[in-house]
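By written order: A, B and C. Residues from 1 in each chain.
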Amino acid sequence: MRASWLAIAAKDLRLAFAGGQGPVQAVLLGLLLVFIFSLSAAPGDRFSPQQAMAIFWLCSSFAVVLIFSLLFRFEEENDTATALLLSPLPVQGLWLGKTLAGLVLLVLCQVFFFPAALVFLGLDPGGSPGGLVLMVLGVDLGLCILGGLIGAMGHGQGAKDALLTIIVFPLQVPLLLGGIRIGVGLMQGLPLADLGEWFGLVLAFDAVFSGAALFLFPHVFRGE
Amino acid sequence: MMASGTLLDLRAVSHFFGSRLIFKGVSCVLEPASIMLVAGPNGAGKSTLLKIMAGLLPPRSGSVQRRVEDRAMAFMGHQTFVYPALSALGNLEFWNRVYGRGLDDAGLLGLLERVGLKGFALEAAGTFSRGMAQRLSLARVLLVEPQLLFLDEPSTGLDTASQALLHAELESARTRGAGIVWISHDLERDLGRADTVLQLSGRSMTYFGPAGEFPGVAA
Amino acid sequence: MFRIYPKTLTLFAAAAMVLMAAGQYAIWFYAPEEMTMGPVQKIFYFHLPLAWWCFVAFFGVFAASVMVLWTGKEKWDVLAGVLAEAGVLFSGLALITGSIWGRAAWNTWWTWDPRLSTTLVMWFVYSGYLVLRAADAGGAKGARMRAVLGIVAFVDVPLVFLSARLWRSIHPAVLASRSGGLEPEMWTTVWINLLAWGALFAAIVLARYHGAGFARRVEAALVRIQEKTLQ
């Protein structure tokens, strides 16, 4: 069981990087967003940490949508989705594998977004780097858990998967608020303990939607 | 290893799309070491029936029993189930892990040799012709060593050599004890290879019995 | 198959008419004018029932969606859809009335209040849900997808509310103190209007449910006719 969902994640990452593409589209879109938002301040003005974090998470939110659209497109050509459904892999394993692959790709995107936010938005990376990593991973996990569930709905729907974004973005609101508030807190040098409630909220989101996805994914990804 | 008893047992299966009846009253059994040919005109619901048999679709009514685990079941259809960006070997490696077969590279290369693709092992499957992709699909089926095998017109678009290969592998799977359900367009050609025939026509099952007693293609 | 309930619909519609009339009378002639805010406070009698029933509607979408996955029956899918329509309508009106209230009470059209923000996010979520419903080709698979969205959307509500409350931890206490300062006549007015909007809500949902049910019946009949002619 464990081997097979790791196999899904490994296969998806190989497919994502085949042809040297990777999440290039998501990275470029994010960088473009950072650049365009940088125009909203007068030259020389700095963005407040809150503005900078909000833009960072907006980029991540867009990236997640593109990443999961890509990950589920892999199963459309030649109908490998059916082959996976027929395989001994529990269908939740597919969700887990996709979520994991998406997480890796998202973190990779953020490796580009973060320095871009430093350069263009004057984001000041003070505070505890450990806390920052913890926060980013916690929020990313939530984004990918949701992305893996909703992304599967776009599967086989053609252009309709673009429509799914209008419901994904508002659903992400608690995570984005958490990411922004914790990020700002850490950069202002608040101790982790003061941000406990926010971390709790992010973890609650991860837990609640993991449970929901395990229960709901088999209804989304079916052979019909 | 021979499985004992029937592999597949359908009782009074019917299916609808929305309120439209596709077929009703399908009952059949599949014994080990046998080939069941599924016949019928276009739109009779042959592919739908195969999906119901394979557990991809729940039937609207009736019962389907499979006495075979998922890991001993394989499906080959007009779709090749191939990841075009992975190499032939990469495709097999993936399914090897998903099915938990534990073959090493030499074993996988051996499979590719059996289907005549050893020379293309490291080439991306996306560059393959349809015949080659379908051979790769066959290699995936061989990897699984299925007890229960579903074929949905797999020979469409295959050249003579590929078809001969497919038929030879079907024979050897049957000899090994596998049960095979096979949708074929070319009834004349494939009837001789089958043990039983199931015919769908006019929204119901019009024949199920030994291939030797099959009266022929319904008008 | 779809059952319709014409008598129940008539009952709710009639109740809505009578209760609405009574509610309006209570608002303008029975309830005393609030001291500090004056007549603007009367918006509250619209706002509260709208907000209340929109959350009932969203919970209904959730419950009906669970039933879709459980039973696979088409009627639950239809019910979830009409409840979402009513919910979006009511939450939209609640937001507008809330905004007018905010302008009068806090001198701003919009402020970050957990309840207000949660309602806005929910309005977005369920509007998106309706757009997806309208765009979908349908079928058994579509119904399951919609059900999953209906469940996920509702699961999100408490998380949105918690995050909105944490976001602005010193939120204005106006809402809390307001209900404390209500006079008995005001309470009576609130209750009458709550019931009135509830009856209207039920009538709207039932009428839309009947409409959707009739549409499916016509579709099914057309399919049968087509099949007859093809044979």
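Some points to look at:
Basically, contacts are C-beta pairs under 8 Å (C-beta built on N, C-alpha and C of every residue); 3 or more make two chains touch, one makes a residue touch a chain.
Quantities reported herein were computed from a predicted structural model and do not represent experimental measurements.
Each chain's centre was taken as the mean of its CA atoms, and the one lying most distant from subunit B is C. The most central chain, judged by C-alpha centres against the centre of all protein C-alpha atoms, is A.
A count of C-beta contacts for the chain pairs A-B and B-C puts A-B on top. Averaging C-alpha coordinates per chain places the centre of subunit A 31 Å away from that of subunit C. Centre to centre, using the average C-alpha position, subunit A and subunit B are separated by 38 Å. Once the centre of each chain is set as its mean CA position, subunit B and subunit C turn out to be 50 Å apart.
Those residues of subunit A in touch with two or more other chains are numbered 224. Looking at subunit C, one finds that residues 139-140 touch two or more other chains. Subunit B has no residue in contact with two or more other chains.
Across the complex, subunit A is touched by residues 51, 54-57, 69-71, 73-75, 77, 79-86, 90, 94-95, 97-100, 124, 133, 140 of subunit B. Against subunit B, the residues of subunit A that register as touching in their complex are 3-4, 6-8, 11, 14-15, 18-19, 74, 77-80, 82-89, 223-224. Residues 69, 121, 124-125, 127-129, 131-132, 135-136, 139-141, 144-145, 147-149, 151-153, 155-156, 159-160, 162-164, 166-167 of subunit C are the ones touching subunit A in the complex. Only residues 146, 149-150, 153, 160, 163-164, 166-167, 169-171, 173-174, 177-178, 181, 197-198, 201, 204-205, 208-209, 212, 216, 219-220, 222, 224 of subunit A touch subunit C when the two sit together in their complex. On subunit B, the positions that touch subunit C within their shared complex are 17-20.
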